[in-house]
Every structure is written in C-alpha cells, then in structure tokens.
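In structure tokens below, several structures.
Shared between the two complexes below is chain A, which pairs with chain B and chain C, respectively.
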Partner chain A sequence: MKTLQRSIQELLRYPSAVAGLVIILVLIGISIYAMVAIPYDEAIRLWRGGEEEWYQNPRNVPPEWINYFTKNDLPRSFVLSSQDGSAEKVVAAGAQGSTMTITYTFDFPYDDFPQELILYFSAMYAEKQPYVTIVWLTPDGREISVAKFSIGRSHTYRFSQDASLRRKLGGKWSVQTALFANPDEETPVPMKGTYTLKVIGITFEADSDLDAKLVMHGKVAGLAGTDHRRRDLMVPLLWGTPIALAFGLLAALGTTVTTMVIAAFGVWYGGWVDEIIQRITEVNMVLPFLPILMMIGAFYSRSIWLILGVTILLSIFGGTIKNYRAIFLQVKESPYIEAAQAYGAGNWRIVFRYLTPRIIPMLIPQLVVLVPGFVFLEASLAVLGLGDPVLPTWGKVINDALSNGALYQGLYYWMLEPAVLLMLTGLAFALVGYSLDRIFNPRLRGQ
Partner chain B sequence: MAQDKLLCVENLTLYFRTIKGAVQAVDEVDFDLGHNRAVVILGESGCGKTSLAKAILRLLPRNVETYSGKVYLDGVDVMSLTEEEFRQNVRWVGMSLVPQAAMNALNPVIRIGDQVAEPAIIHLGVKKNEALSLSRKMFQHVGVPEDFLSRYPFELSGGMRQRAAIAMALVTSPSLIILDEPTSALDLLTQANIFNVLKRIKHELGTSFILITHDISTSSELADDVAIMYAGQIVEVCDAVRFFPKPLHPYSQMLMASVPRLRVDQEPKFITGQPPSLIALPPSCRFAPRCPSRFEKCEQAPPIVENEGRKVKCWLYS
Partner chain C sequence: MSESIQVEEISTKATPKKKGTSTLSRVTRYTAVRLVTLFFTVVVGVFLTIMIANMGGYVDEIRRGEIREMVALQANANPAIRGLDIEARNAWMNGQIRLAEEREHLNDPFVMRTANFLTRALTLNLGRSLRMSSDSGSRTVRLIILERLPATLVLFGTANLLLFFIDLFAALYLSRRYGSFLDKVIIALTPLNSAPGWFYGLFLILIFAAIFKVLPFGGMVDAPPPEASLDYALSLLKHMVLPILAWGVSSVFLTIYNWRTFFLIYSSEDYVEMAKAKGLTSRDIESRYVLRPTLPTIITTFALMLIGTWTGAPIFERVFNWPGIGRILFQAVGLYDIPVIVGSTVIFAYLLAITVFLLDFIYVLVDPRVKIGQEGGSRA
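Then we have the complex of A and B:
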C-alpha cells in the first residue's frame, strides 16, 4: 500500500502524467455518468431506435454550440405541445362538441430556416372525426391559412410535404422557407420575430378531445448533433467511452499478463514447451491480424466480447513474448532461482513468485501504453463495418459518418467528435504510460 | 552402508554432457557423515566440489550425461525417490543448502523475513504468521537483528545476507546443511563471525554440516572430518584431528603446504602444473602428472586404501 502511494506521488511529479491522469479520470467520469444516466438497455433501445424514437430531432445537424462559432445563428429545434402546457389550449364548449384553439407562440431570432415543421395530432372521438384549421401568423402581421382537414385518432402533418400549401405560398421556395422568409426579398431571408401557429379544431361529439404537438426541426440539435437517423450523437459518444475503456483495458491486461505467464512457463520448463511456444509465436507473428478478425466478424460473430477474446488470443503470441523470454532467460540463471529450487519451491511457485515479479516494472508501463492501441483496434473494426452491431461505439459513429458521406456533405462534427475522443484517450494513456516507464525504469529518467 | 550414519554417499557419479565430451565432475565419490558432525570438502577450483553438493541435493542442470550412485540420508535411499518425492521430503526437510554466492541467492523482490519463511511455508505447511515467527527465531540464531525481517536483500550487507541465507537453510530444522563456500566473498572478521555462528548452531541444534570450501585455515575451525577432492574424486578422507598434522595423500600434503603460515619463515609452496581437464581423463592416477612421488604403479587408477579409519586413494599406501 505504501509502495503504491509512493508510486502515485512520484507519478504526480510529472506534469504529463498529471495531464494524462486528468483525461483518464474525466473519461472514467463520463463512463460512470453514461452508465448511470442512460442504463444499458435504454442506451441500446435509443441507439437501435428509429423514427418513432427520434422524431423530435432533425436529421444530420451539428451540435447547438456550433452557433457560438458561426456568424449565422442556426435555428434550434424545439417541441411545443398542448398536452404539457407549452402551447396554449382554449376550449369553447358547444352543444354538440366543442371548438378548441391551440396556439403555439415562439420566437424566431435565427439567420437560417428550419429543416422541417411537423404537427402531430392525437384525437379522441367515437365516430365523427374532428376537423382542424391551421393558421400561420408572421411577425409582420400576415395571416396565412395553412391547411384544413379532418384528422383520425393520430395524424401527422408535415408542412414541407403539403404541395398545395407550397403553391399557395408562391411555389418559389420550399414551405418551411416561405413561411419564415420575408416575401419582399429576392433571395430568402428569414424574418426574425414572434411567430404564432394556430390550430383550430372542431369536434362533433361531447367527449371528443384533440391535442397537437408542434415539432420544429432546426439546424442544430443537442450537445453532439444528430446523425442520419435523427439519433442524438450524445448516446454513442457517452456510451462509447465505457466500451472503449473496457475493451482497451481488458485487452491490454489480458494480453500482457497472459504473455508474461506463458513466457515464464516456457522459459522455466524449457525444452519442448519452450519450443512449441516459440514456434507458435513465430507463426502467429506472420499471420495478418486484422484480416483474421475481419473473417471472424464476417463469417462467425461480431460480438464485441468474441472480438475481445480473439484479439487477446492473437496478441498473446506476439513480439512481447520474445522480449519477456529474453529477460526470463537471464533471470532464470540467477542464484536466487537456484536457491529457491534448492529449498524445494515448486515449479508454479518459482514461476509466479520468483520469475514473473522481475518483469512487473516493465509490464506496468507497457500495459498502460497498450490500452489505446486496443481502443483504436476496436474503433478500426467498427469503421470497417465489423463493430458490434448492437453497441453504440465511437467507431460505429465514424463508420456511419463515412458511409453517409459526412465529410463530403460538410458534416465535420459527425466525424470529428468520436475522432477527438479517440485521440484524447490515446494521448492520456500514452502520457501516463511513458511517465510510468520513466519511474519504473530509472535509467530513462531525465536529469 | 553404515546404519548409524546420517549421510552415506556411495559411488556418486555425475557427468555433464558437452560438445567436447563428458565432463566427469563427480566420479564415484564415497564418503559418509555422522550425526552432529561437520565434514569439510577441500579442493581447488573446478575439482567438482559444487557439483558434488548439487549431486547430493539432486539439483541438476539440463546437460546431465550420467547421474548414478547411492545417497542414503538417515538410512533412506534418496536416489530412488521420484523428483516430486525428493522435492517434498528431502530438500530442506532432510538437508538444506546454503548456495555458493549466497549473497545473491536471495530474491531481490521479496523481503528477507518472507524469504526466510518460504521454505517453512513450502515444507512445514505452516501459516505465514507462524513461518514468520520461525524465521524470527532463526534470525536470532544467526545473529541478525529482528527489524531486518522487513528489509529487502539490497538493504543488507554481504555478511548479513550470508547469515540470512544460513537462517533460510535452518528454518525447517534439517539435520544436514550443505554450505557451498559460505565465506568466499567476505572479509576476515565477517568470516570469523559466520564460522562462530555455524559452530554455535552445530552445538545448539545438533546439525551436521558439509562445508565446501577452498579456504583451508578457516574451515579447520569447524571441521570434524576432512575430505580432499581432486579432479572429481575424493582422494582422502580423515578426521580433522589426524589429518591436519599429517595428511597422507601427496596432493593433500602439497595442498597443506601451500597455506601461508604465521611466524614460520617458509615460502608457501605451490603445485606445478594444472589440474587435468575433466573431459577425457587418463586411466592413470589423476594426480600422477603433478605428483612428486609418482612411480610405475601410478599408470593405473589407484585403489582406496583404508588404514586406521583413514581412507586414501593412493598407490603409496597399498
């Protein structure tokens, strides 16, 4: 315990290690937050969810904070509903049913047009369908009659899909542009101010009721933006953290520790045991690593745990086994090993208590430095389309971005967000790992 | 074999395989050792002393060509035991070893106390705490302060480490301890100190010792018996009382004459020539090429001649 404390104190003397540790702690914090705030099942459901889950989000839009960096203020997305009180609902009861006026009032101080306007109706009636009239009031006092129609129990009205409305608005611009544009200008310029949308519903039965939700898809959304399936990128970015860390740490730990133990056993028993281990290593070292993983992913299973297992298995018999073997061969001849043998220490005891501890000072920094390699590997597999199909991971986001031409369309945020997280992870572990190396191998220590 | 002896070695042979041929490191060695006695095995470097120790404890390298003979420990034929039985019942239970360069024989990453307790944990099956109290007791025997228990080997001086190694050999209270050059890298005062420790242990615990050394003068402190080894063979065995005044074998005589003496105006003598290579030894007496008193018979291997309890392998006495 005291040794650990001393090591940590020594580690904190290196500014690079402190920076790395801070990043790692932040990543761990994010992981814990992700797992607490979005439980696993919920995260999977959100990630696998389609339109019905994410209908409130616009498609392919950058995060909201992008507005701080751009000249043009891009419209934010919002939802106004008559059910939760964010829209005003006035009911005037009549003899046979009632008239309901739902008023949506909102400020529009943006420099760009929204992506889409949608009204989601839900109605309660026995036989006679309610009838609605939609009216659009602009800041300069114009009143535009949008549409009139009867609605079923649930009805979706997309402004942009209404061809007759488009014709009514001049047919020059798309509906969502024309509704917000200043009609006096040649090119569409959004008119800033307070807009009002009125939905006047008439029901023909006494217990009939009507509610409507206005969803405006802006051109920015959330803290991380959205992808082509309207999914909030926060979900994969948050959940990608624990997955990446777990994969990296488990793979690094599994690989280094097993490698060490196998190398130690090979050296200690020598003879054919050593021979077999060496030959396996040499064969394995010329086998192409990534294609094997790709074949397993393509033909067998793409479960992340299987990939993890295969990764560890293939990495065990790598170059490090030769390094460790070289050191063990030297340690094996030390007088204290012979002494241990003389006083009757068994083979296992010698391997675990006498041989392997000599490698630990090398092993710990190496383990830390290896972590990002495996994190990147997992991401690379996902980019190649071989990531776990269920899990939201950073690599999967990059894969989606690539396959949907994010860079071609100028959707840089989509690619950069997971890439930056990957780079930070790599940086953090490298900073800590190299500082550890300097502590454990004092000859590397600078003056 | 004599029943009352603690250790009885008969025809012990250990050859190593090399590219040039078999190295006859230990060749048909016979000797025995009583309870609570110390035998000193003396000989030049490379004459097979350490190999003999390893052959008795069956600590063999990979390139063994021949390993045969009989070793009886307390009447038990330990050569017929399997490797696992030998490890469990003989090493450190019957006999333990203080290896050559014992200063380096401690694991650098384990505390001294734990290290000394290791054999007890392995062989006596005791809990770690008990083993630690045992090792504390052993530290008292060898005169290492108790607070050294929690130190690492590099924090100890050479003499301390040597004593820790002896404590480790003692911890399972075996009846025989083989000391392989226990004082070779130590200064004279520390050497004297270590020998006093060994004498006290022999007196208090009744342990027997096989002391392997080339240091004739200090070893005479502890020795009850003396065995002289030359080119893989024991050429003379005798009790110390009779040996030191009058060694019989010409090699023994010359070995004794090579020790510098106080207050005697006499140059220490050396033996001309070199010990033979242990590969491809001639059928003659192995010392013959360097022997001042060789004669025709020396062309054949000499027999072991027993005379008043003294054994000598020389034609001069047959």
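Then we have the complex of A and C:
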C-alpha cells in the first residue's frame, strides 16, 4: 500500500503524467455520464434508429457551436408544434366543424438559408377530410400563399418538393431560399427578422381536430452535428467513450497478465513446455494479425467481445513474451527461489507467489502503454467496416465519415470529433504509461 | 509499440560450431536451417489461417448454399429446363449441384478437405473468385492478388527504407548532441507513437487534400494514368507523400529516441574512448565502433517496424485508397468473396515470413557471433 502511495506521489511529479491522468479522469467521467444519461438499450435504439426516429434533424450538418467561429451565422434547427404549445392554435367553432388557425412565429437572424421546411399534419375526422391553407408572412410584410390542399389522417408537406410553389416564387431559386430571400436582390440574401407561418384548417365535422408540427432543418444542429442518417453524433461520441476504454483496458489487462503467467510457466517447467511456447511465438510472428481479425469479423461475428477475445489470444504470444522470459530466466536462478523449493513450495506456488510478482513493476507501465494500441485497433476494425453491428463507437463514426466522403464535401466535424477523442485517449494513456515506465524502471530513464 | 520500448531480439539459432568449417558453410547451414524452420512455421501459420477460415466446414456450408441458389437460378433461366416436369427438373438440379460440389471437393471428408485446402492455399492456387475480378478482367484469385502486390510493395518498401535511413541518421545526429533543443523536441513528440499511421493519415488528408488542395486524397496515380513513364513516376510520388508522411509521424520519433539512446550507451564504451584517444575521426568512430555493435538491435527494431507495416496494410490502404493487397482484402470482406479473403490473408503470412527470413539473413551478415559460429549467437 505504501509503495503504491509512493508511486502515485512520484507520478504526480511528472507534468505530462498529470495531464494524462486528468484526461483519463475526464474520459471516465464522460463514460459514466453517457451510461447514466443514455441507458444502453436507449443508446442502441437511437443509434440504429432511422428516419422515424431522427426526422427532426437535418442531414450532414455541423454542430451549433460552429457559429461562434464563422463569420456567417448558420440557421439552427427547431421544431414548433401545435400540440405542445410552441405554436399558437386558435379554434373558431362553426355550425358544422370549425376553423383552426395555427400560427408559427419564429426569429430568423441567420446569414444562410435552411436545409428544409416540413409540416407534419395529423387530423382526426370520420369521413370528411379537413382542408388547409398555408400562408407565409415575411418580416417586410409580404404575404405568400403557399399551398391549399385537403389532408388525410397524417400528411407530410415538404416545402422544397412543391413545384407549383417554386414557380409561384419566381422559379429562380429553390423554395427554402426564395421564402427567406430578399426578392429585390440579384443573388439570394436571407432577410433577417420575424417570420410567421399560418396554417388555416377547416374541418367539416363537429368533433374533428387538426394538429400540425413545423420542422425546420437548419444548417447546424445539436452539440455534435448530425450524420448522413440525421443521427445526432452526440450518441456515438458519448457512448464510444466507455466502449473504447473498456476494450482497451480489458485487452491490455488480458494480454499482459496471460503473457506473464505463460512466460512464468514456460520458464519454470522448462524443457518441452518452454520449447512449445517458443515455437508458438514464432508461428504467431508470421500470423497476419489484422487480416485474421478481418477474416473472423467477415466469417463469424462482428461482436466486440469475440473480437476482444481473439485479440487477446493473438497478442499473448507477441514480442513481450520474450522480454518476460528473459527476466524470468534470471529470477529463476535467484537464491530465494531455491529457498522456496527447499521448504517444499509447490510449482504453482512458486510461479504465482515468487516468480510473477517480480515483473509487476515492468507489467504496470506495459499495461498502460498497450491501452491506446487496442483502442485504435477497435477503431481500425470499425474503419474497415467490421465494427460491432449494434454498438455506437468512435471508429464507426469515422468509417461513416470516410465512406460518405466527409472530407471531399467539407464535413470536417464529422471526422474530427471522433478522431480528436481517439487522439486524446491514446495520448493520455501514452503519457501516463511513459511516466510509469520511468518510475518503475529507472534504468530506462532517458539519458 | 511496446516491442520498441524494450527492444528485444528475434531468436536466432546458430548451429553449433564445428571445427574446421568455413564461414561460408556455416552461414549457408544457418540459412538453410532457418529456411526450413520458417517453412514449417509458415505451413502452421497458413494451416491456422485456414482452420479459422473454414472452422468446422462452416464456410463450405455457405458455399453449398450458394451453389444451390446458383443452380436454381440457372434452372429458371433455361427455358428447356423450365419446361420439364418437377421431378425431371429436380433430378437435373441435383445433378448440377453434385457436379458443382464435386468440382469444389465439398463432399470429401473433413481432413481431406482441409489438407486439400492447405496445399491449395500454400501454392495460392485458390481457384476462381466468387465476385471480384482483377483489373485485367481475370477471375483467378492468384492473379487478382498478385496484380496488386507491386502496389503494396512499392508503397511500404519505399516508406520503410526512407524512414529507416531518416531514423538512423537522425539518431546518430542526436546522439552527438543529446540534451539539445532538437533532442528535447523529439523526446516530447514520442507519445505520438501511441496512434497508428492511418490515423494521422486522416488528419493529413484533411489538411493537405481537403483544405489546401495541394496533394491528392488518395489513390496511386492520377486518373487517367499518365502515358509517359516520367509523368507516371511523378504522379506516383505525389500520391505517396501523404501515406509515407502519415507512417512517419507515428513511428519516427520513438524510433529515433530509442536508437539514439542505444548509440549513447554504446558511445560510452571504453573502446570508443580508446578510438577517440587514437585520434580517429568521429565519422570513423561512428561507423566502426558505435554503429557496428548496435546494428543487430537496430535491424531487429526495423524488422518489427516492417512486420507492423504488413499487419497495418489493410487499414492504411483503405484510408489512402491505395490499390494494394490490403485493399483487396478490405473489398473482399465487403463482397464476402471467400477465396480472395483467404488468399490475401495467406499472402500476408508469406510477406511476414519473407520479412522474418530476410532479416535473419541480414542478421547473419551483421552479427559476428553467428559468423564465427559461437554459441553466443543463440540467445533467448
């Protein structure tokens, strides 16, 4: 316990180690937050959800905070609904049925046009369909009649798909541009101010009702932006953290501990046991690690736990086993081992109580230094299209970004967000690992 | 990466010294023994690969299902067969299925099938691909793979050779002025090694291709490929800049740091002091007294670097869209083309084995203990 305390104290003397530890703590904090805020099932449902889950989000847009760094303010996305009170609904009852006016009022202080405007109607009626009239009021007082049609029980009206509206607006620009543009200008410039959209619905039955939701897809959304399937990138970024940490730590722990035990047994028993371990190490050297993992991912299962197991299995007989073996060979000759044998200690006792503890100081830094490699391995597999089919991970976001040409299209946030998180994770463990290495193995201290 | 912290050595087994044998015969013997051992190692490696690829005949079952589907489609497409009554049609289909299965030896006993598969994999005689075809239009797995091999070799060969010499000279330079500002910068940059090369590739593509538009996003040559060979070479070089840079950023600093530490340790030996006292030039001291004894270790690190390259090739080639065997494997996984997946995995095993063998061979040349046949040459 005291040595541990001393090691930690010494570790805190290295500024790089402190920086690394802080990053690791923050990552652990994010992991806990992710698991509490979005339960596992919910995260998977969100990540695998399609259009019906994410229809309120625009496609491929950067996060909202990007506006602080750019000259042009990009329009935010929002939803106004007559059901939750964010839009005003006035009902004037008539003899047969009623007239309802739903008014959506919103500020538009942005320098760019939105991606899309959509109205989702839901209506209640027995036989006669309600009839709606949509009117658009601009800040300079123009009144544009958008469309008139009767609606079924649920109806979706996409402004940009309405060809007749486009012709009505001059046909020069797309609908969502023309609705917000100043018509006097040659090139489209958004007119800032308060816009109003009025939906006037007439129902023809006494207990008939009508509601409508206005969804504006802006050009920024959320804290992390969205991807090609409108998903909020916050979900994989948050949930990628615990997955990356768990995979990295478990793989590093599994590999180092198993390697240590096997090396100890090989050295202690010697002879053919040792010989077999040596031969396996040689065969392992010509086994192509990543291609075999790809093969397993392609043929059997892409489950992260299977991949974790195979990764550990293939890494056990890596280069480090020879390091450990060399050290154990020295330790084996120590007098205290002879003493243990003299008092009648069994083989297992000697291996676990006397041999293995000797390389713990070497093992701890090794373990920490190995973590980034495994975190990146998981990302590599995801980038090769072999990520876990259900879990949202950082690597899968990078894979989506690469496959959808994020870099060609200038959607840099899409790739940079997971990449920066990966980078931070790798760096943090590397910094702590190298400092630990210096503390536990002063021999290796740089000259 | 852990391997490079504690640089360790590839096991070399020197044959026991026999009095009166010449250096040449000892070297030949050593090489022959290594070659045989490595051959068996490769056989075992490929065997394991195949066992994974066809665990318990699982892949054969998939193939069987595909044959059945294919024959059913053929039966539907052929008006003469479609016109037959159900029984005759089934008989025809079963005959076709049996023929196809026998052609692919799917009905042999499992051991035979595995042995057969092993020999075919070892000779890369994996028959025809299921879906992919080579650029020249062939469906032969061997051609598909061998056609792309040069691309991989050019990229990673150039990258490794270039980086080897950069590492070596930078390490020698820094060992002469350790503690300098540059030395401290290199040490500070060693944690960059914690991320793999392809990862830096993403950033480099973003900076140089997407933002500054000075270098290509990926690929091997411009499209269409330039006619003149000089233009072709220039275009190839242009496309190689980013991959090599990416590989370099991830490996160069730690390697330089490790090697420079080695050089420092060896430059404090007595015989180096002696050489200095004799008045030899620093160049002579470096090449004869510092570089010479460290060379085996240096080559071992280089070996591990090369092995890392082959292992990382699929992801590297996917990120840079480099048309090598790594990308073949990536594409084959996407298309579920079993023979190509197995074939490219085997090719990687071969590349690893050849690397290990070449480095063993170079080891013989640089490690005097092997040459003079001392037992010291065989180490843990």
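Following the convention adopted for this analysis, the second predicted complex is superposed on the first by the 443 of 447 C-alpha atoms of A that agree within 3 Å, B and C clash if a C-alpha of one lies under 4 Å from a C-alpha of the other, contacts with A are read in each partner's own complex, and residues count from 1 in each chain.
As a working rule, contacts are C-beta pairs under 8 Å (C-beta built on N, C-alpha and C of every residue); 3 or more make two chains touch, one makes a residue touch a chain.
Just so it is clear, the structure is predicted and the values come from calculations on it, not from any experiment.
Following the overlay on chain A, a side-by-side fit with no clash is recorded for the pair chain B and chain C. Of the two partner chains, chain B is the only one that A:Pro357 touches; chain C does not reach it. With both structures placed on the common chain, the touch criterion links A:Met415 to chain C but leaves chain B unconnected. Of the two partners chain B and chain C, more residues of chain A are touched by C.
By the touch criterion defined above, A:Gly318 reaches chain C but does not reach chain B.
Taking the C-alpha centre of chain A as the vertex, the lines to the centres of chain B and chain C open to an angle of 60 degrees, rounded to the nearest 10. Of the two partner chains, chain B is the only one touched by A:Tyr343; chain C is not. Within the superposed three-chain model, A:Ser334 lies in touch with chain B and out of touch with chain C [touch as defined at top].
Contact with neither chain B nor chain C is seen for A:Asn60 once the two complexes are overlaid on the shared chain. When the shared chain is aligned, no partner comes close enough to touch A:Thr138: not chain B, not chain C.
After superposing the two complexes on chain A, the shortest C-alpha to C-alpha distance between chain B and chain C comes to 13 Å.
Put simply, chain B touches chain A in their complex at residues 57, 59, 62, 87-88, 91-93, 96-97, 99-102, 104-110, 118-119, 122-123, 165, 168-169. The touching residues of chain A, when paired with chain C in their complex, are 16, 278-279, 282-283, 285-292, 294-300, 318-320, 322-323, 325-326, 329, 366, 369-370, 372-373, 376, 379-380, 383-386, 398, 402, 407-408, 410, 412, 415-416, 419, 422-423, 426-427, 429-431, 434, 437, 444, 446-447. Residues of chain C touching chain A in their complex: 1-3, 5-6, 8-9, 11, 37-38, 41-42, 44-45, 48-49, 52-53, 55, 58-59, 178, 187, 190-191, 193-196, 198-199, 202-203, 205-206, 209-210, 217, 257, 261, 264-265, 304, 307, 310-315, 318-319, 329-330, 333-334, 336, 338, 341-342, 344-345, 348-349, 351-353, 356, 380. By the touch criterion stated above, chain A contacts chain B in their complex at residues 270-271, 334-336, 338-346, 349, 353-354, 357-358.
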